[in-house]
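For clarity, chains are labelled A, B, C and D in written order, and residue numbers in each chain start from 1.
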Amino acid sequence: MRGVKSAKWVVGAIVVAMAATACGGNNNDSGGKGGATFRLGITEPVAIDPVNSQESEGGLVTHNLFTGLYRVNTDGTLKPMLATSGTANDKGDEWTFEIKKDTKFSNGEPVNAEAFIRGWTRAVAKSSASDVAYHMNEIDGFKDLNSGKSDKFSGLSAAGEYTLKVKLSKPDFEFNKRTAHSVFSPVPKVAGAGDNKSFNDAPIGNGPFKMEGSWQHNQKITLVRNDDYGLDKAKIDKVEISILNPSSSVTLEYKGFESGQFDWARMPTPQMPVAKAKYEPQKEWLKYDSSGINYVQAFNTESPMNSADARKAISYAIDREQIAKGVFQGLYEPATALLPPTFKDVYKPDVCSSCMKQDKDKAKQYAEKAGLKPGDTLDFGYNTGAGHEEWVQAVAKQIEDVLGLKVKLNGLPFKEALAKQQEKGAKGIWRSAWSADYPTADNFLSPLLSTDGINPDANGKALGDNRGRYSNPKFDEMLVKARETKDAGERAKIYNEAEKLAVDEDQALIPLWKRSQYRLANTKKFDGLEINFQEEPNLAEISPK
Amino acid sequence: MTELAKSQGPGAATAEPAAATGTAEPAPARITQWGEIRHRFMANRLAVVGLVLVLLLFLTAALAPLIATHDPYAQDLGNTLASPSGDHWFGTDALGRDQFSRVIYGSRIAVVVGLASIFLACLIGLVLGALAGYFGKTVDTVIMRIADIFFAFPLLIGAIVIILVMGRGVMPVILSLAIFSWATVSRLLRSSILSVREMDYVTAAKALGASTSRIIIRHIMPNSIAAVMSFIAFSVGTAIVAEASLSYLGVGVSPEVPEWGNMISSARDFMGVKDFLWMYPSVAIVLTVLGFVFVGDGLRDALDPKLR
Amino acid sequence: MTTNEKTAGKAADKAAEKAAAKTAAEPGKAADEGKKSAPLLEVRDLHVEFKTRDGVAKAVNGVSYSVDAGETLAVLGESGSGKSVTAQAIMGILDSPPGRVAGGEILFHGQDILKLPESERRKLRGPKMAMIFQDALSSLNPVFSVGNQLGEMFRVHQGMSKKDAKLKAIELMDRVRIPAAKQRVNDYPHQFSGGMRQRIMIAMALALEPDLIIADEPTTALDVTVQAQVMDLLAELQREFNMGLILITHDLGVVADVADKIAVMYAGRIVETAPVHELYKRPAHPYTRGLLDSIPRLDQKGQELYAIKGLPPNLLHIPTGCAFNPRCPMAQDVCREDIPELRRVTEQDGTELDGRGSACHFWKETIHG
Amino acid sequence: MGKYVIRRIGQMVIVLFGATLILFACLFVLPGDPVGSLGGDKARDPAVVQELRERYGLDKPLVEQYGNYVTNLVKGDLGEDYTQRRQVTEVLGPKLQNTAKLALAAIVLDVVIGMLAGLIAALFRYSFWDVLVTLLTTLAIGFPSFVIGSIFQSQFAVKLGWFPLISDGSFNSLIMPAVTLAIIDAALVARLMRGTMLEVLRADYVKTAVAKGLPRRTVLFKHVLRNSVIPVVTYIGISFGGLLGGALITEAIFNWDGIGFALVTAIQQQNNPIIVGVVTYGVAVFVVLNLLVDLLYAMLDPRIRLS
């Protein structure tokens, strides 16, 4: 078996090498087919099966292999895909989706309500141990299915071949937006259970592309156009995804683009100014303010960050502009709110008054009020190996310079970092970031700031995402109210108030920068290239020139 | 007894005159003592260069605050990634910190980690070696098996595991390097002492009734110690590289600390764009390692000049 | 130690005995034959230098001697006296660099082999001349079987097949009386005892039945009892093949037993030559006398042993005049200024002493005084 | 001989278990839940964490966990990794091949360059070539692999574009990492080779061989070389073991998808089964190669008797 494998390896290597040389020349469309092949590099995904597909790398593949009820447009609005309609009852706890008829999986199985129920049930089932199943946690019967008490998802039912009924355990008028997440994908019968390895590595979906062969771990994934796609068919033939090693994949993507090996690439932050100068005039430089935020999480319940004044002192002490320019080369913009601008309906700038501009006097005043004295120690944690080392030092230095605090930087590998934050008695501040799973304000406010978001275990370990342990009943009430509000405008208003309360008044956390995404895209070869909501190239929509 | 008689000359049955032990060849290692070793060491140009480099390193580390032109931690976000200039001789890094001062301060970590870890390794090696020697067979076997276990870990891998447990920082780096170096040290000490113990001249000294301590000080020590010193010089160089490697991999000392591996690591993203970022710390580390290698070579050659 | 003393003492007695016998049997043999035809080997005014970091070391400074077929010449001297270097120059196996022959001739069968190209000289080694080294353990390659190393001679020089070469090797081993040769032919050097190993060295030297054998301290590394056996074997084989033998040694005991004549070397020069018995009886050079006096003797028990004072000269800085002058009890001013020639030694009445020479300004005083 | 091998294998087993036990204990006391999170800032759903802890027996005491690991190890099962939930053997399989490829390439360069350079230096001692080799080898030892790697990348990949910065597993991308790995080792091999060769050239048996009238090439290639390579072979064997155990730095610099790089990544991700897998393998390779080298030594040098 070893021998066979190594022989394959050699052949593979030669093919790759030839491909690399073939693509060296820029306008050399080897045999007409090369022009319709989109090439890019990603890091090894955790999973590409919707059952556990979670980060943008896996998402890139899953989103192109599967099509669900909705998709999110770049402006945060929903675009119906297989859902011809999706309506909630008046209470907002029951949703009915009509599904487009007569579409098929690439193996010929029909995509109907059953296929959706199958997919969702499969994701939540205990044996799948899915990291993304929790997105379905407001559907009735989630707990029983997830804990193995039941093998049926009681909240789901098919009211006809193409009608999917979803019962929620609590009202949510934005549930349809959640279904844009890939875990809500339908799967064919052949998928089997969530831990079916063969399906995990070669999922059969109903998306614009299908797998060519299996996932070659750490090497490549190849997608080809699904000519039986039920919606608008893709215009490119093939997507060749090279899997790069994570620690320098960004550099490799960039170099790969420069050498003509890739059609799409991220860049190392330091190289961005150079890349921008070179590629922007050629229209190969794409920018997208995506749905995410970088912020500093403050531990609200422990001294010294246990008062809004203390947190405001820190926030005022930070010169976001200067770091954005000096460290991020002007490529990140300071954030003045928690919610991202892509959420057009709820986004309001300037929510956080301490975020507007560095104000040393105010910082000092608040510090005094909070009892923060020069020489006091402030723990500042961050996870290493993810490119935060530099700017974290800059922030620390500013806090030290302005407030005279002794900032103790503590870089840890992320599992340890997480454990440290979860620990009871965690104190100080911690670098953090959040990006949207789906375009709802709730997707930010609820996990990060609601009392439920703390989810402490018996030892006081915060298992939820609200590790800053901000807890304000008034805020919690507002979120519940918003979820129950049918009118979108009304709902947005409540969310705005809630955001203002938590982020400005209580300064539960300290926003730093908006998440901006930059890509190099081979617009010479492809038309219509964009960065989409998930920060992926919109492969299904582009066309070769 | 016959063997002894032969090497002792006087009274031997051969016609070779009594005094004829010395020859025209360079004096063999066995009669050399400190002075001889030093003389040969100093006569070796590379060794002297190495010594100068090492001394310079120590001096730099000790006098870093006087040599450095800036506070190595002071940031200047308005002047990041500046190329080398009159004010910033080695340029500035991504946070606008003065690279020259950071390279200078970096010598401190190198010296401290290099010396402390090897010192500790020698200490552990010696203590365990002594235990093994004192308690004899069973303990010796157990200790040597333990040494085998630690020996089997590649240095970096072992060190990383320890650092995972203890967290990043100077102390963990020192400890982790020591923990996975002592086995080598103890093996070397053991074999070096064993081999020297068996040499003719020690046997001879014993037969002449020299006391054990005298044998050790006058005969075993100079050669053993010089051998060990040569090994230590190499080891310190190795430890400095290992320490920088750990930082390069992002598991060494904290990233804000001015340290060569850190600097080179954070320069990776600027490869081909801002090459001065990795070049200066690289030169520093290369000179340092070469210094120790030259000294190690010099010591070895001074002991065994035949191989030059 | 007592055994050593005994042997040495015995050796001296024996030498005297043998010498007496020989003088009677073959008076002036070497001289007569030398006039008739060229000797087997004649070294003339040989100079060898070694380049070292600190300068040029003159290891051999004008050595001349000759050996005939069937004759044994013993070359005597301390280490560093140039005796081994001369031998290596004859064999053409000097370490070069740093060593080189700086002058002189080496006539072998009347032909100056120093003028031969290396390829020709190589062909002499083995079939025509061979060498036996002091330490057989280090002189045999540890990683090849003795059979292999013996057989190599036949394979390389005679193009013999591996199989035949091995048979020859066994034959040779038998010949030097190694028991169970057939079984041991595939053994490695370290598996043999010291005496056996030296026999193998001898076998290797004799393999192609050369005309000249140079034995460089062949028995020094051996136990006393074994020394005698090996020496006897060598002497026996030499007689059998009628070979010339140069026996390099510092052991006067060995010399007395087997040699016909002796050349004593000091600091790269021959300081005295003599038929073996003559030398023992009447040394003509103070150095030789010193050597003889430092042999412990039974009849001198209880007295302090004589030792030549001082150290052998540093070859980089050989003393001016007679190299031995700093250590010489008889040294005068002239000794520090003029290098003494090797001169014929005569009786007090002026009759020439056959084959005798001394490089001492005061040879007369030494031999007669 | 057989007895010796059996005893050595016994020692190997002790070393292997000792090493893995140490590793296990270290990982056990690590702060942070090994299945507590994936990448990024999101904590794993507590229900999933619970499920995985049960599935992988992480709720059991250390001794039991180690027992299970050993039992499975004997069966050749290294468990599942916590991120992708694939068999560790399956994850590491192709990486092992990559590492082996790199190690092999490096060792070939070591042998060819190192031995040749050492040979030339020793044969032409004090000549220009000797001085050059001595100088270069000494210099090479002073260059840590990440410095060499940085130089290579900036010059040959970025500036000149001779080799890809992205290793795609092709022969072309093998060159830079292999050379980086080989440089230091080749320098050490050359130094060792020169040293032993000088010693051997001075050996009496070489003089004997010359005195036997053997042609120069026979003297060199039979008598000298065979003896000179013994310590070199030993060294190369040991260093090959080290290379097979994963060249962390070099693999990391050049993104060579081998086990050394996998280890670095796994450590960042605290992916314990991968860490344990790689270290187990690395230690095993090391001890096995040590044994092989000893056996080889005995084969090359009949003086060494294994007992």
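To be clear about the criterion, a contact is a pair of C-beta atoms (placed from the backbone, for glycine too) under 8 Å apart; a residue touches a chain by one contact, two chains touch by 3 or more.
It should be emphasised that the depicted structure is a prediction, and the values quoted were computed from it without experimental measurement.
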Chain pair with more C-beta contacts, C-D versus A-D: A-D
Distance-to-centre winner among chains (Cα means, whole assembly as reference): D
Computed distance of Cα centres, chain C from chain B, in Å: 49
Chain centre separation in whole Å, for chain D relative to chain A (CA means): 39
Separation of mean Cα positions, chain D and chain C [Å, integer]: 54
Chain centre separation (chain B, chain D; CA means) in Å: 22
In chain D, residues with contacts to at least two other chains: 30, 158, 252, 264, 267-268, 270
For chain A, residues that touch 2 or more chains besides their own: 248, 251, 384-385, 413
Complex contacts: residues of chain A adjacent to chain B: 248, 251, 268-271, 274, 322-323, 325-327, 384-385, 389-390, 393-394, 396-397, 409, 411-413
Residue ranges of chain A touching chain D (in the complex, touch as defined): 5-6, 9, 12-14, 16-17, 20, 41, 44, 46-47, 54-55, 126, 129-131, 133-134, 146-147, 195, 197, 217-219, 242, 244-249, 251-252, 255-256, 259, 261, 383-385, 413-420, 422, 432-434, 455, 457, 463-465, 467
Touching residues on chain D, where the partner in the complex is chain B: 11, 14-16, 18-19, 22-23, 26-27, 29-30, 138-139, 141-147, 150-151, 153-154, 158-159, 195, 198-199, 202, 242, 245-246, 248-249, 252, 263-264, 267-268, 270, 275, 278-279, 282-283, 286-287
Partner chain C, residues of chain D touching it in the complex: 126, 203-205, 207-215, 218, 222-223, 226-227, 230, 300-303
Residues of chain C defined as touching chain D within the complex: 88, 91, 93, 97, 122-127, 130-131, 133, 135, 138-144, 152-153, 156-157, 188, 190, 201, 204
